[in-house]
Amino acid sequence: MSNGKLGIAVIGAGRIGTLRARLAAKHPSVGFLAISDLDPARARALAEQTGADVYSGDNLEIIARPEITAVFVSTPEGEHAAAVCKALELGKPVLVEKPIALSLSDADEILAALKATGGELRVGYSRRYKECFLRAKEQMLHGRLGKVVGGLARVYNSRAQAFAILKRDPHATPVLDVLTYYVDLMCWFLDGNPPVEVVARGQSGIFKQAGYAADDVTWAIVTFADGAVINFGVSYALPAKYPTLGQSDRVELLGIEGTMIIDDDHMDHMLYSDKGIPHAYVPDHQVNMAFLGSNTAGDWAVGDFWGPLGNETRAWLDHLVTGNPTVHTTPVQARINLETTIAIERAVATGKPVRLPLET
Amino acid sequence: MSNGKLGIAVIGAGRIGTLRARLAAKHPSVGFLAISDLDPARARALAEQTGADVYSGDNLEIIARPEITAVFVSTPEGEHAAAVCKALELGKPVLVEKPIALSLSDADEILAALKATGGELRVGYSRRYKECFLRAKEQMLHGRLGKVVGGLARVYNSRAQAFAILKRDPHATPVLDVLTYYVDLMCWFLDGNPPVEVVARGQSGIFKQAGYAADDVTWAIVTFADGAVINFGVSYALPAKYPTLGQSDRVELLGIEGTMIIDDDHMDHMLYSDKGIPHAYVPDHQVNMAFLGSNTAGDWAVGDFWGPLGNETRAWLDHLVTGNPTVHTTPVQARINLETTIAIERAVATGKPVRLPLET
Amino acid sequence: MSNGKLGIAVIGAGRIGTLRARLAAKHPSVGFLAISDLDPARARALAEQTGADVYSGDNLEIIARPEITAVFVSTPEGEHAAAVCKALELGKPVLVEKPIALSLSDADEILAALKATGGELRVGYSRRYKECFLRAKEQMLHGRLGKVVGGLARVYNSRAQAFAILKRDPHATPVLDVLTYYVDLMCWFLDGNPPVEVVARGQSGIFKQAGYAADDVTWAIVTFADGAVINFGVSYALPAKYPTLGQSDRVELLGIEGTMIIDDDHMDHMLYSDKGIPHAYVPDHQVNMAFLGSNTAGDWAVGDFWGPLGNETRAWLDHLVTGNPTVHTTPVQARINLETTIAIERAVATGKPVRLPLET
Amino acid sequence: MSNGKLGIAVIGAGRIGTLRARLAAKHPSVGFLAISDLDPARARALAEQTGADVYSGDNLEIIARPEITAVFVSTPEGEHAAAVCKALELGKPVLVEKPIALSLSDADEILAALKATGGELRVGYSRRYKECFLRAKEQMLHGRLGKVVGGLARVYNSRAQAFAILKRDPHATPVLDVLTYYVDLMCWFLDGNPPVEVVARGQSGIFKQAGYAADDVTWAIVTFADGAVINFGVSYALPAKYPTLGQSDRVELLGIEGTMIIDDDHMDHMLYSDKGIPHAYVPDHQVNMAFLGSNTAGDWAVGDFWGPLGNETRAWLDHLVTGNPTVHTTPVQARINLETTIAIERAVATGKPVRLPLET
């Protein structure tokens, strides 16, 4: 650990918390690192892995430590509120994982705490920090497409990863947990033009038979305030050995004066190996054919971590030091993302169009 | 013209009729070729171009000629019925262009004539005869995906071509005239599993300002009888100089035991030329950057025509000689395609889900 | 068999002969079909499969039959001369498989017979009839690139197929048997501008250990008469389960006024199936991940054969009926292809630049 | 500027120096920034743009300032030695732009200074820090391909950028200035297995007519010590309006046990805009069609810089603080890159194979 000025707490020692901690430990401005997890053994293991200064099974105690100047909340999706609110109350900036919560009431509790404390809170939608989407946003800022009339964002992944996610939290459906990234991206690209209506349909089978409520595939058409129609889709039910190692996605924007096509399926970055290629997310899973670069968070390579989550973590830590502005998702944006994905699931369940914002 | 055994009439000397006639003239089994068009000058010009034996401004007279053994009906979409019914009554096999009609009542008139005459009628959905989709269908016949749970088919084109289509027939909207191809493909792939419900949304602007009722972009989610959800989309409003020279499309099928991705955007077959590349469909239009192979019907090259419409025409003429089975769209399938696209437009117009089959 | 006017003999009942025969049997102008193979049992089996009228173990007898009006010579690469010369002497047009021969002396024997008889002979380089390359040639005919300064053509395939080829004929190395297609394509694109020099290098290992003289990978830089430099490469040593089912290739042309990129790797037409996908060429070989459309010759689908070899066969049979010109490789072009590939192997073997034409 | 611990000098205020300075200014650990350029006005302008603490027209004076702890040498390719040697003598770590020099004698002068001082020097081959190549290297470290038998690396760019480079330095040919990146990558991937021989050919025309010695296209086959044959190619002569905004490249590795294909042409990340898209490198140049992500160094987006040069700069600055190892090209590796590219140009010029290492 360098003797920098930041004291960072990582709350939650799961998969994403592990990445946050490892990245923080490597950041040149981090001088103190603390890990907590309700399971003290996991906190300890991650602390040892990262050379953290302290660890604990008590999240709130860690957040309250005086050395800590900022907090990553990487607990399971449904348990964000307590840690986030505690940090905000203590005036410590927070980056919380997406989605901000699994219910609007939890989200509103966090937004209320934010308002009460005047604190600083951002939500970790790492897709924004994928290079291709940063470039896309820059083009939108320059207005290169003119007015947008429509678009498409669809994401596929293998069921190997879906089952790993659902095992961790059966409420983290592909819509709430994954499609939320693309809702976030599109709302970001169409900034100032919120979603107003959703129609959606899904088909169940594979996950249902395994005892989960998640659909195998979901399609939604979301109309935005100015009439633009964006098509969203997610299927995390592809065969377990399908070559993607995470999200294979496409994002397309159709404007009056331009068209942007971001093919992020990674089909053209291919590795075939007779030796097998391990999956970063799913233990004991490997494939012979892989789309390199499809890991959702990014990849460890030559001793460092590269990709969206690395960029995102870095940008936030840098921001804490330099004060430079960043494009991390704001809590208000994150609440719209949550509301829209809840509307998609509701539209599938009822078969009816759903207006936004949702009536409470 | 070789002294073969087929006597072919091409009714309608527009763009597609021209291709049908030129292809028939080159077919080794065609021994007599006749052209008709309500505009006798166009009929004459095409007859001269193809070396046809006769031409006329009277469609029914040409169909009735004794030398004629089979008929292509390539009139505008709304004027198919008279020529088709005449040929069926005379016991002459017919290939009619898609869509079979622009209204269900016209379609039903044709279906009634077919039933009454016991004739032979197929509908020209040339996408089925694109090599990539023939291969895809073959895989479906082998059941390589297992049960299909969802899919996607979306098609983009430049507004240069859309305006050329709409100028010819303002009722030939991208949904009725183009998306119908992909409805046809998906119904073919999912054979025996018909569409039962549609939700859809669209956005208007570019075409509306030019005085047409067509939407700039339309998205639809179609649920099939077994619950599979297929997402359809069309935008023919891309900038006039966008590199596609016709349909840039993607077709994706998600099954329990397999996944098939057909990226038919043609982005990887590229020509840049400082000299300009003419557009096959739109006169006086050229681009510097083109996706080769994106012409919808196919391409003339080294003196012959290659691609879907060439394959389709050839297969039908061969079939007339050899009696071998073909996969041309049947009238019943074509009526389902029409019904589904009408349902998509109705779902956009009303904002409500639409059940299939439509109530009459 | 339709009662058409062509009487076709297929000499050689191997893999390509089988395709030629099956395609001829379906052609609407073929009225008589004969099969021969030095192994009469193979000839008989193919005759039964195709409904051929006669079969024989005596190639020359079949060629001489009076019903026969044209001949496919599909014998092994090294045994073309006898059958070709016999047919030419009898004034029957011939399509012989590529390469025209495996030695220049054999090629020259065929060319001498051609000159003596004034007959009609073409060589089956089916890549010319792949749609993407037909379109590319058309662009070249229009001069869309201006003067060409350089280019690239490289082709990869799995060793599963390479071993099947080498087992059939150990002299049919990837350079002589496969790279010849791309030499042919480039010489066709650069028509009138012959190759004049070759430098080349290769690496051996996999095939050598299995007892074959073939290299695992070969790269060659060929300079053409006007100075254009074209890079050729072939590796047929990719892992057996690599997803290609035949040739995965890229062809790129760089001109003063334009650039053409033909990515024919087929990576974007993908099928993953847990059920396994059989390989068209290699018996008892199947993969879970396949690039659809990568079969070299083309694919059987919905009862017909689609792709380069189908187009090529069709174009030749049509030509026999209609007399229309075709773009099948001429014997003089085929000899240049052979000479250039021999030069590539010689350049690898000697490490020295090799001038063309070769000194005899 | 944050009050961090690094004092950074950027020597040379050209295009790359500007990026280095802007990135250093944003780095959270940089507390002092100095700019120098032989043209004091340029140094001043960049200092103003970045908020640098000091600037000067005297490179050596800036390097010697006590606040400076590390130095970027971003002078023109031919003028690296003086600044590098000065910094090394003062014990200050240096990152110098690639190629290390334009002649082996200049390179050797730098290597001698390094040896004499025991200093720390790395060379800025930013392609190593492109995410796709970092991932590729990681796969190589795991041995996923087994022994490599061959490979391909080719890079294309528009002549718009080539002329901008040649105008700056007519000796910075595409081989010495660009292909060196891919020589570096391949030598890195094949670590421990040095190049031993080169054959190469080129064609001139466009640049020659404009008065430069550079070839329009160059192909080289490089044999490595264990016999692996790697094909290298570069053409920076594509039409000025071709959609790439920098390097469009492909890197392919063929191993006994695996295959890796990195298609980095960026064809699938496309923007078409009627409004025009400015080129980052070439002033007053814009295109309507662009491959997003093809800028060689990377892209400014949402206020930060993303891509290879950002990653590379960051990694080096981080390393200065944390001491963590990095994969920046070492001077010995850089000399091999230079030697190999010189050998390629010599092989083109003489038409003869060239052995490596070069005889001096």
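Order as written gives the chain letters A, B, C and D; numbering starts at 1 within each chain.
Methods note: contacts are C-beta pairs under 8 Å (C-beta built on N, C-alpha and C of every residue); 3 or more make two chains touch, one makes a residue touch a chain.
For clarity, every value in this text was computed on a predicted model and none was experimentally measured.
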{"item": "Chain whose Cα centroid lies at the greatest distance from that of chain D", "value": "B"}
{"item": "Chain pair with more C-beta contacts, A-D versus C-D", "value": "A-D"}
{"item": "Distance from chain D to chain B - Cα centre to Cα centre, in angstrom", "value": "51"}
{"item": "Distance between the centres, which are taken as Cα means, of chain D and chain A, whole angstrom", "value": "33"}
{"item": "For chain C paired with chain D, centre-to-centre distance based on mean C-alpha positions, whole Å", "value": "42"}
{"item": "Per-residue multi-chain contacts in chain C, two or more chains", "value": "238-239, 242, 257-259, 261, 263, 267-268, 270, 272-274"}
{"item": "Residues of chain B that touch chain A when the two form their complex", "value": "147, 149-150, 152, 154, 156, 197, 199-206, 216-221, 223, 227-229, 231, 233, 235, 237-239, 242, 250, 254, 256-259, 261, 263, 265, 267, 351-353"}
{"item": "Interface residues, chain D side, partner chain B - complex", "value": "238-239, 241-243, 267-268, 270, 272-274, 288-289"}
{"item": "Residue numbers on chain A that touch chain D, as the complex places them", "value": "2, 4, 26-29, 131-132, 134-139, 141, 143-146, 257-263, 268-275, 277, 292-293, 298-304, 306-307, 311, 314-315, 317-318, 321-322, 324-325, 327"}
